[in-house]
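Pasting in a structure now, in structure tokens, and then I'll have a few things to ask.
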Amino acid sequence: MTVNEWVFVGLFLALAWLLPATPVFLAKFLAPKRPNPVKQQVYECGIETEGDTWVQFRAQYYVYALVFLLFDVEVVFLFPWALAYNKLGLFALFEVVVFITLLIVALLYTWRKRALAWSS
Amino acid sequence: MELTVESLVFLLFSLITLGGGLLVVTTRNLFHGALFLMLSLFGVAGLFVLLTAPFLAGIQVVVYIGAIAILIIFAIMLTPQVTTTQPTNSQWIAALVVAVVLFALLASVVTPILSELGAEGWGASFTEKNPPPVPEDSIVELGSAFVDPERFMLPFEVASILLMAALVGAVMLVRPTPDEEEDAAPPEVSERALVESQE
Amino acid sequence: MVPLYMYLLVAAGLFSIGLYGVLSRRNAIAILMSIELMLNAANINLVAFWRYGQPANVSGQAFAAFVFVVAAAEVAVGLALIINIYRRRRSVVAEDVDLLKW
Amino acid sequence: MTDFLIDIGFSRDLAVLVAKTLGVFALAMIGLVWTIFLIWVERKVAGRFQDRLGPNRAGPFGLVQSFADAIKIILKEDIMHSGVDRWVFNIAPLLSVMAVLLLWVVIPFTPTLIGVDLSIGVLYLFAVGSLSSVAILMAGWGSNNKFALMGAFRAVAQLISYEVPMALTMLVPVVLTGSMSTQDVVFGQHVWYVFAVPLTLLIFIIASMAELGRAPFDILEAESELVAGYQVEYSGFKFGLFYVGEFLHAFTVGVVMAVLFFGGWRGPFAEDVPLLGFFYLLIKSFIGYFVVLWIRMTVPRVRVDQMLDLGWKFLVPLSLVNLLVVALVWKIIPGTDTIDSFGDALVPSLVLLVVNIVMILGVGALLREQGRRDRQRLEAKRAALEPAEAAPASAGR
């Protein structure tokens, strides 16, 4: 395990910004720029926009993000387990079954409480 | 600290981390705050890579940037005070003083500045520079440690229980309250209402 | 490599910034974000001590991984609380929620 | 390359750095130019599916068409309407391209040619993939447009719903290989994993279709409801970048699928003639890419609630069970921890295949049963609605 292999990733990260940014920068000079008030309106199919952009979002979105976050953490813990799997015994598998079952119980709870239903 | 490529990269990521952090606590716009939080946490992931812990860097990106920051943005959208004219409370000066004093204290403890100035027995010496290399199979080792009954088996299962409890608790809290459910009538009822109104 | 105290210094700085945020911000979500910064400062310390102390022993990495779990649970429940309070009181300012104060 | 640079007088570190930079530049540049070609492929294939010719005027077979489009789009006016969040609005398209380009770092092209063989390769693929939702949120917020923001939220809800099953299916090759490095995963496939764990591949295809945000999962664009989702306010080359990101992502899905399940560069003589391995990978990727296009052209869009239900109530539990079953079988069969030839891998793979077929049949039966019950319930509801006396439909809750 060395740090050096990440040099490539670091360089790529920098370049992956620069390469797409270059044409955008070029377009600043090549493209016409003739703004007018109508053109600069927010596009809402021709109807003038009303009120703030911010509208009340439904709590449903939050529930999905919530379930996702907790399952994400779980998956992250499964990665080293999967990596070491060939060196482990059956007992390790049993532990992971318990680990996953607990989260499935939580998912079932969410499901039963109808928190996962899109239309209430 | 001599100037090498590694120390330059370290400085870059430290700057990203600290700069992002500063912007998080000072910006007026909460959405920008969440984006700066991502930037800062990305810097931390970079520091993890420098510390030869690529696995932790990976989960830093997955968990913090990919999930926690998204959750925070969703929560910001659910509570409409995204921009405030007054982001800080009345005690911000005191808070600033406390933070600066704490930083000075911590810095004086962890760095050898004070002992160089001649103060004996104040700071610990964390001047370690050349630690032994990390073993190749560090992540495999981590995987076995998680399920080893002698090591982290119990924390591993407790982590799962904690996640379960957090999910159940949080879902309890954000479930639509009864009066909100009345607003959004279930489709079955509305269909019935439609039929009844046609009569 | 960079000497250990540089990492500790960065962590101390991040922790202080987070502390300032927790003490001074009014919006509860901003306070939560500052707490995340403090948790990350702790994580930098854990990993740095692991790397410079005993890299052959994975305990430092394991601890950091468990901090991720705690952070995730904390954010999930914390934000759910904030959303719930917002529904009841139409406010996310931490000072307004003072029902249990003295 | 490095040796040559040292010969002409560079210092060792600098030579490595220059060589790496050139490699990075080549990989990223090829990725981007490749996209322009992919747009032509996609339009041609889409044309054939819809009984049209597709582009055929500019150049032979219309090959130059997309290059012309690319030049044209740079010359388009870049409209920044009032109230945009300038920085957020400008960075979002760059980030969306970057999130896809970065995936190419760990793709093994031949036994020897790979950007960099990271020890956490598969986790890296997962981590970089999760960045695209950030780009979408930024685009939605920066646009200062209700439709864009709403589209972004739907899009992110979709992406995160399918990220969990995606990661769980990526874990299966890791379990089978015992390594997270993508190169090791390819080396480990003495029997291609598609022949051992076809169910995993199916889940992976569905999840990555959803990650792509294309039909049948193109709810995030939903032209008729959200105008164009989070891209609505973008014009000129910034819009083009979203386009590039999407097309490149579609092909990248094919490549990742080939690497994880179809043996990557594996094929006859690939280990002796590296170039051959590259062509094998290309062919396999194009087959995967064609399947993605095929599904896009033939399956109608699903509803939001159907999409979320499919993710959380079907794919997540299924992929968890699938992972555990594969792990269990892998542990029960003796000798799976020391596989290094086709002969070693044959028997375990056959057992896994049988188990997988049983699972697929079981899941199919379950789905059929569920579908039958759903239809009955709908029939009952319709019957109850016909007469004036409406049955209390919500009694079940």
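Going by the order they are written in, the chains are A, B, C and D; count residues from 1 in each one.
The criterion applied here is as follows: a contact is a pair of C-beta atoms (placed from the backbone, for glycine too) under 8 Å apart; a residue touches a chain by one contact, two chains touch by 3 or more.
As the structure is a prediction and not an experimental result, all values here were calculated from the model.
Comparing chain pairs A-C and B-D, the larger number of C-beta contacts belongs to B-D. Relative to the centroid of all protein Cα atoms, the closest per-chain Cα centroid is that of A. Per-chain Cα centroids separate chain A from chain C by 21 Å. Centroid to centroid, with C-alpha atoms defining each point, chain B and chain D lie 28 Å apart. Chain centres here are Cα means. That of chain A falls 15 Å from that of chain B. Chain D has its Cα centroid 14 Å from the Cα centroid of chain A. Looking at chain C, one finds that residues 65, 68-69, 72-73, 75-76, 79-80, 83 touch two or more other chains.
For chain B, residues that reach two or more other chains under the stated contact definition are 6, 50, 52, 54-55, 59, 62-63, 66-68, 70-71, 74-75, 77-78, 133-135, 138-139, 141-142, 146, 159, 163, 166-167, 170-171, 174, 186.
Contacts with at least two other chains are made by residues 1, 6, 54, 57, 59, 61-62, 65-70, 72-73, 75-77, 79, 82-83, 85, 87, 96, 100, 107, 119 of chain A.
Contact between chains, as defined at the top, is found for A-B, A-C, A-D, B-C, B-D.
Looking at the complex, you find that chain B touches chain C at residues 1, 6-7, 10, 14, 17-18, 21-22, 24-25, 30, 33-34, 37, 40-41, 44, 47-48, 50-53, 55-56, 59-60, 63-64, 67-68, 71-72, 75-76, 78-79, 81, 84, 86-89, 91-92, 94-96, 98-100, 102-103, 106-107, 110-112, 126-135, 138, 141-142, 145-146, 151-152, 155, 159, 162-163, 165-167, 169-171, 173-174, 177, 180. Interface residues of chain B, counted against chain D in their complex, comprise 5, 31-32, 35, 38, 54-55, 58-59, 61-62, 65-67, 69-70, 73-74, 77, 139, 186, 188-189, 191-192, 195-196, 199.
Listing the residues of chain C that touch chain B in their complex gives 1-10, 12-21, 23-27, 29-30, 32-34, 36-37, 40, 43-44, 47-48, 50-53, 55-56, 58-59, 61-62, 64-66, 68-73, 75-77, 79-84, 86-87, 91-95.
Against chain A, in their complex, chain D makes its touches with residues 17, 20-21, 23-25, 27-29, 32, 74-83, 90, 93-94, 97-98, 101-102, 105, 115-119, 122-123, 126, 144-147, 149-150, 153, 156-157, 160-161, 163-164, 167-168, 171, 174-175, 178-180, 227, 232-233, 236-238, 240-241, 244, 304-305, 308-309, 312-313, 316-317, 320, 323-324, 327-328, 330-331, 336-337, 397. The touching residues of chain C, counted against chain A in their complex, run 65, 68-69, 72-73, 75-76, 79-80, 83.
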